[in-house]
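Going in written order, the chains are labelled A, B and C, and every chain counts its residues from 1.
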Amino acid sequence: MTATPVTTSTERAAPRSVPLFPVIVELVQRNMLAITRVPAAVGPILVMPIFFMIAFAGSYSAITAIPGFPTDNIYNWFVPYACIQGAAFGGIGIGFGTARDLENGFYDRLLLAPAGRRALVLGPLGTSLVRSTFPLVTVLPLGIVLGADWPGFTGLAMLILTGGIFACCTGLWALGVVYRLRNQRSLGLVQVGIFATLFLSIGQVPLAVMEGWLHGAARFNPTTNLLRMARQGFLDDGVTWTLTWPGLVASAAMLAGLGLFALTGLRRLDD
Amino acid sequence: MTVGIEPHRTASADLHPVRHLDAFVVMARRSVIGFFRQPASWIFGAAFPLLIAAVSASAFARATSLQDFPDSRSFLQFLLAGTILQGTLFGSINASTDLALDIENGFMDRLLASPVSRVSILVSRLAGAATYGAGVTLFYVVVFRLFGAPVEGGIPGIVVMVVLAMVMAIGVGGYGAAVGLRTGSAEAVGNSFPLLFILLFISSAFFPVELMSGAYRRVAELNPITYVIDACRHQVLEGFSLGEAVVGLLVAVAFAASTIAFALLQLRRKLADVS
Amino acid sequence: MQRHFGEVEAVRRVDLEVSQGEIYGFLGPNGAGKSTTVRMLTTLLKPTAGRATVAGFDVATSAHQVRRRIGVALQDAAIDPLMTGNELLRLQATLHGIGRRAGRVRGAELLERVGLTEAGDRRVGTYSGGMRRRLDLALSLIHEPEVLFLDEPTTGLDPSSRQNLWSEVRRLNAEGTTVFLTTQYLEEADELAHRVGIIDGGLIVREGTPIALKEAVGSPTLRLDVLATDLDEARTVMAAFGEARPAREGRIAIGLENGANRLAEVVRALDERNIEVLTMELDAPSLDDVFADATGRRLEGADEQGEAGP
């Protein structure tokens, strides 16, 4: 078909180039509305990580007595884990929002915009980053009140950094899946993937305590290195480069792999 | 305004007598068939507890050496009772969702307009969950046996566990039915699931209460689910015990009776609102 | 341009050209391929074969340039119900690279233009269908597009809202915006479009100005209702006055040669055979006749009443 003949009228503003950053900020603000304007949605986001911390610490309080466990304080073990798990919910959240937009057609509006397609991935990731801080203001203070040690500023920085990275990873995973399946039912797969990576890691117990097949799976699961990086400030040895660099390498690998997964999924929306 | 509708027949003897048992069986069969015709809704619910068990068995294998940990062949054997309750819980939520869907699509009104008793309508709708509870119990018993975690109580112990699972399925289903009847929304039933998950978590399902501490332990000790799980666990770890079975059964029946009563109350409210 | 979805040929062959400043009406029944064509022209879908340029840029290779020059209001007016009208306009402005201050001014202008100034701070979830459509139109205009795509803009609207939207489209066109409008409403295409393309089964079956298309059909349509027992005989009588046209079951329609001049003759012929006429209508050719002439089916009311061939 040829539908060529339109030229710009003289009074019309010339097409603008679209800066990336304001678009990302605007998309983050819009995504946050889904939280601030639906009070029922806020509860689970804030409460579930707290529940997981209390439930894990309460149920498994005795496991610190197992030889090889790196702390005798169960809260030191489970508070950072609950924070990371809470950060993962951010990824599920943006997957849900994107799937809903794709189903009801709102996403077409975003796809039609001349803003770079990168903004459509970076905007939700910005939302994930913001949401990754929620557990830090709920789980962490409560955990410290219940008995967790203050991780120090370096330890806190490690926890914030890891939470942000993991939220981005789960967000990219969620976007990749949702872009391919384009419906809200796909969120089941998103959740299975996220929970599987957490279960098959050192989330509940350290490698030294594990036995059998799980030990092998957790050893090669990059999430294990992320959790080691996040927990440093809470454990006896404190923050060390030895535990930091594997976490950074794992982060880079996960972000690159999952980023590619999300971007190729986004490209498929045009087909 | 008064409206009088004259009956076609005058002699009440012409009316068919209601066969309550037949009606219950027909409705229960519908529930069971409907439940099993939607495998997508329960296969994940059956598989997920196995995944948790597989992970926990490796993660907490060394916990069996802790002081006060119940005598057991492995952590996997310890987990069987909790896994059964977890699987039953998932199935019951699905059955309650079916009931809420009956309300949403108007089928419940058709049943309520019939002369069948309200309790039959409600309990028969949970027959699918009870059957699933029995099935999933036997399935887990076989799978765990294959991985070296047998039921020490043998056939009698397995029968106790099946009965407990069925009663708990009806109990949990009753809770879901109450939520469904109150809200008329299948989504609300699904959203009520986390509360049950919390109840399951703060029990002896995943770790012995003896090894918990503080307020958490006290809540777990008071949780009725703990009694049911401990009754099951006794059959698994120590052998058949009628006394433990009776205690568990009493708690399970009391739980089921209270949730069914709660559901009936919601049903009465719903009918009062409608009429 | 073609588009397949697996085995399904949604658009088999579409070849058209739209001039600057024109309102082009793309008319067809549900499932004809209108929306698929629009999605390809607006860069939301890649053609399986062929090529298209919009505002001088190829939709496949220069999609970014196309997006900067087009405004699109899609079929379902998908708007986030949690956001307010003002917030959506700000989002849309940012997506098109318009700064905050300029976006606010432009948004206020557009809200006023579509009569939504007072509702601007209300959540869109509280808007009526007509208000959503008007907001959708405002959103598609935020960056002053050269070409405006409207995909079934009035589907589901009441007659008054439809009239308002038509007025706005005319006004935009008068200001120089080229409009590509898809519709399944004959009246809409007739009222608004300078030229009409009729699509059916993924093919353009007729194209031209509404007047030229209707003139090409020729004679007006005479529709007749008679008693069922007289139907066959009435058909025989009517065949002498013109060729049969598609009509619903139990009704006769012909293209009356020489138009109204022969009406009295028809009545006399029926009277001579003692055929009782229940109703008789003579309609000037419509776009529905054009559609029927091209496809053998009627578009108007096709969803409600099954149209039968002659």
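Heads up, the rule we're going with is that a residue touches a chain if its C-beta (ideal position, glycine included) is under 8 Å from a C-beta of that chain, and two chains touch if they have at least 3 such contacts.
Keep in mind the model is a prediction, meaning the values are calculated, not measured.
S.K.: Name the chain pair with more contacting C-beta pairs, choosing from A-C and A-B.
M.R.: Looking at A-C and A-B side by side, A-C shows more C-beta contacts.
S.K.: Identify the chain whose mean C-alpha position lies nearest to the mean of all protein C-alpha atoms shown.
M.R.: Smallest centre-to-centre distance to the global C-alpha mean: chain A.
S.K.: Let me spell it out: compute each chain's centre from its C-alpha atoms, then which one is farthest from chain A's centre?
M.R.: Here the answer is chain C, farthest from chain A.
S.K.: As a quick test, compute the distance in whole Å between the mean CA positions of chain B and chain C.
M.R.: Chain B and chain C have C-alpha centres separated by 56 Å.
S.K.: Measuring from the mean C-alpha position of chain A to the mean C-alpha position of chain C, what distance in angstrom results?
M.R.: 45
S.K.: When the C-alpha atoms of chain A and chain B are each averaged to a single point, how far apart are the two points in Å?
M.R.: From the centre of chain A to the centre of chain B is 34 Å.
S.K.: What does chain B use to touch chain A in their complex?
M.R.: Against chain A, the touching part of chain B is residues 44, 51-52, 54-63, 65-68, 194, 198, 201-202, 206-207, 211-214, 216-217, 220.
S.K.: Show which residues of chain A lie in contact with chain C when the two form their complex.
M.R.: 1-9, 11-13, 15-19, 22-23, 25-27, 30, 33-34, 37-38, 101, 104-106, 108-115, 270-271
S.K.: So in the complex, the part of chain C that touches chain A is made up of which residues?
M.R.: So the residues of chain C touching chain A come out as 1, 14-20, 41-46, 50-56, 63-65, 67-70, 72, 74-76, 78-80, 82-83, 87, 90-92, 94-98, 100, 123, 139, 143-144, 146-147, 176, 178, 180.
S.K.: Touching residues of chain A toward chain B in the complex: what are they?
M.R.: That would be residues 44, 48, 51, 54-55, 57-63, 65-67, 188, 196, 199-200, 204-205, 209-215 of chain A.
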